[in-house]
Amino acid sequence: MFKLEKRPEQSQKWIYLSPFLAVLITMISGGILFATLGENPFEAIRIIFWDPLFDPSFASYSRPQLLVKAGPLILIAIGLSFGFKAGVWNIGAEGQYILGAIFGASVALAFYPMESKLIFPLMIIAGALGGFLWGLIPALLKAKLNTNEILVSLMLVYVAESILASVSQGLLKNPDGYGFPGSRNLQNYASAANVEIIANSGMHWGVLFAFITVIFSYIILTKHIQGFNIQLTGQAPRASKFAGVNPTANIVFCLGISGALAGLAGMFEVSGPSGQITIEFNSGYGFTAIIVAFLGRLHPIGIFLSGLLIALTYIGGELAQLMLGLPGASIQLFQGMLLFFLLATDLFANYKVKIGANK
Amino acid sequence: MIKKLLEINGISKTYPGVIANSDISFNINTGEVHALLGENGAGKSTLVKIIYGLVKPDSGNLLLNGVPFRPGTPSEARKAGIAMVFQHFSLFEALSVAENISLGMDNPPNQRDLGKKIKSVSESYGLPLDPAKTVGELSVGGRQRVEIIRCLLQNPKLLVMDEPTSVLTPQEVDILFKTLLKLRSEGTSILYISHKLEEIRKLCDTATILRLGKKVDTCTPEKTSTKKLAEMMVGSTIKAPEKLNKPAGRVMLNVNNICCVSKSQFGTSLTNVTFDLRQGKILGIGGVAGNGQDELFAVLSGEQFSQHGSIGLNGINITKFNPNQRRKIGLLSAPEERLGHAAAPNMSLIENTLITAENSQNLVSRGFIDWKKSKAFAEKVIKKFDVRTPGSQNTAGSLSGGNLQKFVIGREILQNPSVFIVNQPTWGVDAAAASSIRQALLTLSENGAAILVISQDLDELLEISDQFAALNGGALSRIEKTADLSMEQIGLMMGGAKDLEVHNV
Amino acid sequence: MDFSSINPALLIASLMVSATPILLAAIGEAVVEKSGVLNLGVEGMMIVGAVVGFIVAVNTDTPLLGFVCAAIISGIFSIIFGILTQYLKSNQVATGLGLTLVGLGLSALLGRPYEGMKSPTLKALEIPFFSDIPVLGKMLFSHDLMIYFSIFLVTLVWWFLKYTHAGMVLRAVGENHDAAHALGYKVVLVRMLAIMFGGATSGLGGAYISLARVPQWTEGMTAGAGWIALAIVVFASWRPWRVLFGAYIFGGVTVLQLNLQAAGASIPVEYLSMSPYLITIVVLVIISSRGNQGAPASLGRPFHASS
C-alpha cells in the first residue's frame, strides 16, 4: 500500500514536472488505446505528435495550422485561468466564443460592402464586448445573488448555440446565398478579413493577440496587485475579504476578462479561418481550453506551451483520421485523458508518497 | 486497594520532523481523575489519539486491566470501554441531538428508545438535553453536553476529556465538575487534558506532565504549587507581561448601538452593542464562543457592515468603510483564524504582507507591487517579533501556530495602529509566544493605541485588559473595571445576567 | 397555430418520459452530494450510459440488459472520478469537468458504428385495471418499467437517507468529514460507494435517453441533461421528493416547448429550444436569492485524514 503525507509547502519541482509526466503517461496509455483499436501504437503516436511538424508531405500544410488552432485555445485558456485561480469557474467559454463571433460578424455585415480601415478594429471591440457581456451574466448573478456560475455559464452555452442557429438562418444569413444557412464569407470582404500577418505561417491577428495576452497576463499575475488579489481570493477567500478585495469587482473582472478573451477568439475565428457564421461554427475550443488552462498550470507561459501541444493533438488527430482512419473522437478522449493524468500527478506536488508497509 | 485500569508503557510516535511522543509511560487507576498536563504541542493529543485508536504508536504498548490493548479503530476502543470528548467537537450541526449520539455508538437503539434514554441519563447527571433539537441550534456548552452524554450512554470505564472547560463559563465549569466527580464516585476513571493549572489542582487526583513529547513527571496536583506545575509544563519560568497603569487618553473609537445579522446559518447576530475605546487602554471582551465574537470582529474590521447605529474613529464616521479604508486612517485588526483569514496558507510571508500592509508601507505603486519593499517589511516583522522560520519566502502554512500568530500580530503592530482590534490573540499558541504577544499588546497600548481584545481566555483578559465586558447572545454586558471584578461576577456577566446582584441564575 | 393538437393526458405521459433521464441522474447526484462530494461529471456519465445501453440493447435485442450494462459501466466509469478525488486528492470541480469531457469523447468513439440505428425499446407495462382507467390510465399507468423504477428509486433514497443507520452515516460524512473520521467512520469508503451509486443512476438516465426517449444514438445526445440534473439537485435542496418534483417540472417545460414547436407556435423554434436552459437559469437565480439552504457542509471540500 502507499501512504500520503501532506507537504508543508507545495513542491515547486513537481509543479513543473507533473505536466510532463502526465503527457508521457498519456502517450503510453494512448498507445495502448490505439493498439486495442488495432493500430500500431508507435506509428499512431508518431503520426499525431511528429508528422504534422516534420513529415515533408504534411508539414507545409500542418505547421501553419498549429498556430491557427493554438491561437484561440491560448486566448480562451488565459482568460479562464484568471477565473480558475480566483475560484470562479467559468465553463461557458464556448458560449462567449459564439457571442463574440456573432457580435464581430454583425459589425462587419452591417458595414458591408463599405471598405474602411476602421471596420476591423471595430469588429475587435465588438467581439470582445459580445463575449464580455455574455460572461457578465453569470458574473453579476454570482456576485449579487450567489448563483452558481458553473451551471449558469454552461446553460448559456446552449442558449448561445440556439442564438447561433437562429442568426445563421435569419438575421445574418447571406442574402446572396441561394437560401443556404450561413452568413457572407468575411474572407471575401477585405475590410473585415482577419488575414495572415506573415504568409503561410498561420500567424493571423488572433494569434498575435494571443501572444500579447500571454505577456500581459504574465505581468498582471506576477507584478500587479490585481493579479495578487485574484490569487488571494482563490486560495483564501476570507483573507481576501479581510484584505479589502471587493468580491463583486473580482468576480466581474475574472468572468468579464475570460468572456472578452473568448469573444475575441470567436471574432478572429469567424473573420479568419472559419470565414462565416454557420450553425456548426463552434467546434469545442471553449471546452478544450479548460484542459489547456489546467495542463498549463494556470500559468501564462505554461498555457502558451500547452496550447501548442493541444493544437498539435488536433492536427495530429486529423492526420491520424486521414492516414489510419482513427475516429476523430479518439483525440477528444486523448485530451481528456491528458487532463486526468495531470490531475492525478498533481498529487506529487501536494503530497509525499511513501510506498511500503502501512504501519 | 488501588487497581490499575490502563497502563501506558513506553509509547513513542514520530511524525516527519516532529517527535510527538517519546517513550511515555504512566498508569491510570480505576476511579481516579488523572490529569494530562502540557502546552500546545507537548504531545497530549497524539497520546490520546493512540488510546482512542485513531493513531497507531511506532513502539510501546498499552495494557487495559492487565490485558494487552491495541485498538485499531475508535470503535474497538469504545467496545473496550474507552470514551472520548473531543476539544473540537465531533458533531454534525445539521443533524439532531439523537442522531449525533447514535452516530457515536456502536449498537445504537432505535431513535425513539434512544431519545428516552438521552432524556433520563442527561437529567440524572444534571446536564438536561432535548434529543430532537438540531445540534446547530445549541450553545457551545450544550454541544459539549451532547458529547458527554454520547460517552456516558456507553458506560465507559475510562472517559477522556480534551480541554473541556475552554469553552465554558465559570458556572458551567462547576456543573461539569460535579458531573465528573459523580462519575468518579461510580468508579469511572477520567483522563483530563488541560493546561489550566488551577482547574487541575481543584479536580484531579494525579497529574502527568508532558513537555516536547516526553513525560516530565507524575505528581499529586493538590500538593504541588501552581508555580511548580507551570515550571514543569513550560520548562522555564515565563516572565508575566508587565503592565503600567497610565491614565486613559481621549476616546479614539466610538461604537454606538450597532446591530449585525450573522451571515452563517448557526451564527449569533449582534444586538445594540455600544462601547468606547480610549487611547492607552485595553478593553477586554470575554464570553463563551459563538456569542457574537466573530460578528463583532467583522463589523469592526469592516468585513461586514452594521445594519444600524454607527462607528466613529476620531470623529470620522467609518460605519460603511471597508477594511482598507479603515486601515488608511489607522484602524487595524487581527482575526482569530490565522490560516485562511489573517494569512493565506500557501502564500509566502512576503506575499502575506500585502494582505494588510499594502497602503501603510507603500508596497504598491500605481497598481504594481514593490516586491523588494514587501520582502523588507516581512523580514522586519520576522526580526522584531522573533518569528522562527527559515526565511521570508516560506509559506505561512509551514509555520507553527505560535510563530504564524507572532507574524500576524507583528504585521499589524509594526504599522503603528491608532486603534487595534484583535480576536483571540493567543489561541492555540505556546506559552512563550503567548507571553510575548501579550507584552506586545501592552507596549502598543502604552504607546497610546486604543485596543480591543476579544478572547475566550479569561486569564488572558484579566492579565492585560483595563476594562472587561462579556458578550452573551450577541449583546454586550456592562463594562466594568477589570481590577474590581471577581471570578463569580465575570461568570454572571458571561452568562448574561443583567444585574450583578442576582446570584442564582 | 393549433393548440387543440396538444392532448393533456399525452402531455403528462410524455412529461414523465422526458423527465425520467434527469430524475435518474439527479437522484444519484443528490446522494453523492449528500456525502459531501460534488461530481460535475454527470453529463459524461450519462452519455457513457447512453452509448453503452444502446450498444448492448442493439446487439442483444434486450433493452433491459442495456440498462443493466449502462448502470454497471457508468458506475465503473465514475470510479475514475472517485480514485482521483478521494485517493489522489484532486480538485473535484476540475475532475468532474474532466469526466464530462472524457465521457463525451469516449461515447463518440464507441458509438460511431451505431450512428443512425434504431434501438429496441422497452415495452409499456400495462398495469391491469389501472391502465384501463380513462385518461388517468393512459397518463400514469401505461409506462415502461424504468419510469416506475425511477419513482421507486426516489422512494428508496428517501427511506435510506431518513430511516437507515447507513443513510445517517452518509449524511454525517457529508456534513463534517473530520468528525465522522474521528468517530471511526470510513469517509473515503462511504464517498466511493456514493460516487458509484451516482455513476450507476446517471448511466441509467443516459440509457433512458438512447433507449426510450429518442430511441437512437447520436453523438452528444444528452445535450446538457446532466448539467440540468445538477441544477435540479440544488433546486431540490438535496431532498429526494423535491428532486422528483423538480425533474417533472423540467420535463413539463421541455415537453410543452416541443408541443408548441409541433403545433407551429409563432415563436421561432430556436427560442423555444433554448427555453429549458433559460428556465434552469431562472430557477437557479430564484433558489440562490433565498439562500442555498440544506447544502451539506462539507460539499466539495477535500478530505485528508490528518492522523
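As written, the chains take the letters A, B and C, and residue 1 is the first residue of each chain.
Assume a residue touches a chain if its C-beta (ideal position, glycine included) is under 8 Å from a C-beta of that chain, and two chains touch if they have at least 3 such contacts.
Here the structure is a predicted model, which is why all the values come from computation and not from measurement.
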Best-connected chain pair, where connection means C-beta pairs in contact: A-C
Per Cα centroids, the chain farthest from chain C: B
Whole-Å separation of chain centres (CA-atom averages), chain A against chain B: 47
Between chain B and chain C, centroid-to-centroid distance (C-alpha), Å: 45
Distance from the mean Cα position of chain C to that of chain A, given in whole angstrom: 28
Chain C residues touching chain A - in the complex, by the definition given at the top: 40, 80, 84, 88-91, 93-95, 97-98, 101-102, 104-109, 112, 219, 223-224, 227-228, 230-231, 234, 268, 270-271, 273-274, 277-278, 280-281, 284-285, 287-289, 292, 304
Contact set on chain B toward chain A in their complex: 16, 56, 58, 301-303, 322-325, 327, 335, 337, 339-347, 351, 354-356, 358, 364, 367-369, 394-395, 397-398
Contact set on chain A toward chain C in their complex: 4, 6, 89, 91, 141, 145-148, 150-152, 154-159, 162-163, 165-166, 170, 287, 290-291, 294, 327-337, 339-340, 343-344, 346-347, 350-351
For the chain B and chain C complex, residues of the former touching the latter: 49, 53-55, 73-75, 78, 86, 88-95, 99, 102-104, 108, 265
In the complex, chain C residues that touch chain B: 165, 168-169, 171-172, 175-176, 178-180, 182-185, 293-294, 296-297, 307
